[in-house]
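Chain naming follows the written order as A, B, C and D, and within any one chain the residues start at number 1.
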Amino acid sequence: MTTIEAYFKRDSYAESMGIKLLEFSEGRAKAMLEIAENHLNSAGTVHGGVIFTLADFAFAVAAHSHGTVSAAINSCISFFKAVSAGVLYAEAKEISFHPKLASYTVDVTNEKNELIASFQGMVYRKKDTLNIE
Amino acid sequence: MTTIEAYFKRDSYAESMGIKLLEFSEGRAKAMLEIAENHLNSAGTVHGGVIFTLADFAFAVAAHSHGTVSAAINSCISFFKAVSAGVLYAEAKEISFHPKLASYTVDVTNEKNELIASFQGMVYRKKDTLNIE
Amino acid sequence: MTTIEAYFKRDSYAESMGIKLLEFSEGRAKAMLEIAENHLNSAGTVHGGVIFTLADFAFAVAAHSHGTVSAAINSCISFFKAVSAGVLYAEAKEISFHPKLASYTVDVTNEKNELIASFQGMVYRKKDTLNIE
Amino acid sequence: MTTIEAYFKRDSYAESMGIKLLEFSEGRAKAMLEIAENHLNSAGTVHGGVIFTLADFAFAVAAHSHGTVSAAINSCISFFKAVSAGVLYAEAKEISFHPKLASYTVDVTNEKNELIASFQGMVYRKKDTLNIE
């Protein structure tokens, strides 16, 4: 297990929700979530907070893929389609990278490859190396 | 229990996370969350997804406060301060209201009334009356 | 000249700024701007308002490309690099299309194809056909 | 004339558009614009780029009000009402202030005090003192 995988294994919230890290490389990451009953809102569709968290997780892995710590400072998300069952994927891609700031877009899709939501996020990059003592 | 309270009681995801609806009126809502271990990320601070979900919940209640159904289409969130224990509050306020679209801002604060995050969201308003047959 | 070109020729503000429509097709549009002195801010770099307007113009053309009228309801823009001379391009691409709402991303690049800004916008689609009596 | 006023007098773009700085203090600023023909879009209403620029200007003054230089990194804007004549005001307020990052909300209103647009922006704060050699 790489340091990044080990680090994100400690993400209690993403873990408890059932989010799985599928793959990652420099500036990229892909995660998935199998939709369960406790992911739904009052309308019986996947909660916006679940979709945001899945996107945010892929975003965070991509941002940490350089081996240093960063903190999310801003995100925008647009929701295009309600879903209530199946699998969701989030694929994050780095679009800008500076010493202090970096930006990512994340596409959230379902198993038919329909775009469910589009996410854009920015992180503040710290100097600390990622480590898991 | 009002129809709105009953409706949001069925929000499995917010319920399972421990979010509580404190109060609401036309165009407004206030919710809270007591921070627990399973709300944390790998850095040991409250997950962005948790903060988003709390804000999104207050936003949704405010948007449904007129008694009709609506769907979130877009949200932006900025994060100002990491927190790892205590209580979070989200207070939503309607800033624009049209037949088809409405907009809300949500302030997320901690128990010292420090601003943790600022959220802005827009909904598409449907014609359906909120009901919980 | 197509109806869309004629319609956007009447965009006084984009015209007065020097924005040029390069090409468009269903759900897509590309525009450009040659940077001039009056596009600069106090720091001597291109004004955020200029970059936003260029992106917004490509976004509007793409949204009108289906031949019906629409109105921008929400936009997010991130700025990655300051520029002070040369040419800027904005390329808009539709990522979601519904009867009432549609969404677009716009990349703003310079002549070296560096990403200057990333824009995401949503429109409310009206029933009116685009026409220029 | 204060340093800040002199600095923003050099904002060629805002100047050429007719934006006026009405007042400012630590973390706050208010600007206005009298709507003219060349501010309109193809629909005959004030261009989104004009509204963005007015908001961005108030945001920039508020961000520079501490006497140091900063650069906008991210903005979200929602549009609530189309206008075609009269006066627009933009009022910026600081909601978060850190050594490296600061955030602002800006309300854009018309002369009837109706909310036309709501803007939220973040800056990266540099160490340089604002000066106008």
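Just so we're on the same page, contacts are C-beta pairs under 8 Å (C-beta built on N, C-alpha and C of every residue); 3 or more make two chains touch, one makes a residue touch a chain.
This is a predicted model, so every value here is computed, not measured.
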What chain is the most remote from chain D, judged by the mean position of CA atoms in each chain? A
B-D or A-B: which has the larger count of contacting C-beta pairs? A-B
Please work out the Cα centroid separation of chain B and chain C, and write it as a whole number of Å. 33
Give, as an integer number of Å, the spacing between the C-alpha centres of chain D and chain B. 29
Between chain A and chain B, what is the separation of their C-alpha centroids in Å? 20
Touching two or more other chains, which residues of chain B qualify? 73-74, 76, 78, 122
Seen from chain B, its contact residues with chain D in the complex are 74, 76, 78, 80-81, 95-96, 98, 103, 105, 115, 118, 120, 122
Which stretch or stretches of chain B touch chain C in the complex? 73-74, 76, 100-101, 122, 124
Could you pull out which chain B residues touch chain A in their complex? 7-8, 10-14, 16-17, 37-43, 47-50, 52-53, 56-57, 60, 69, 71-79, 82
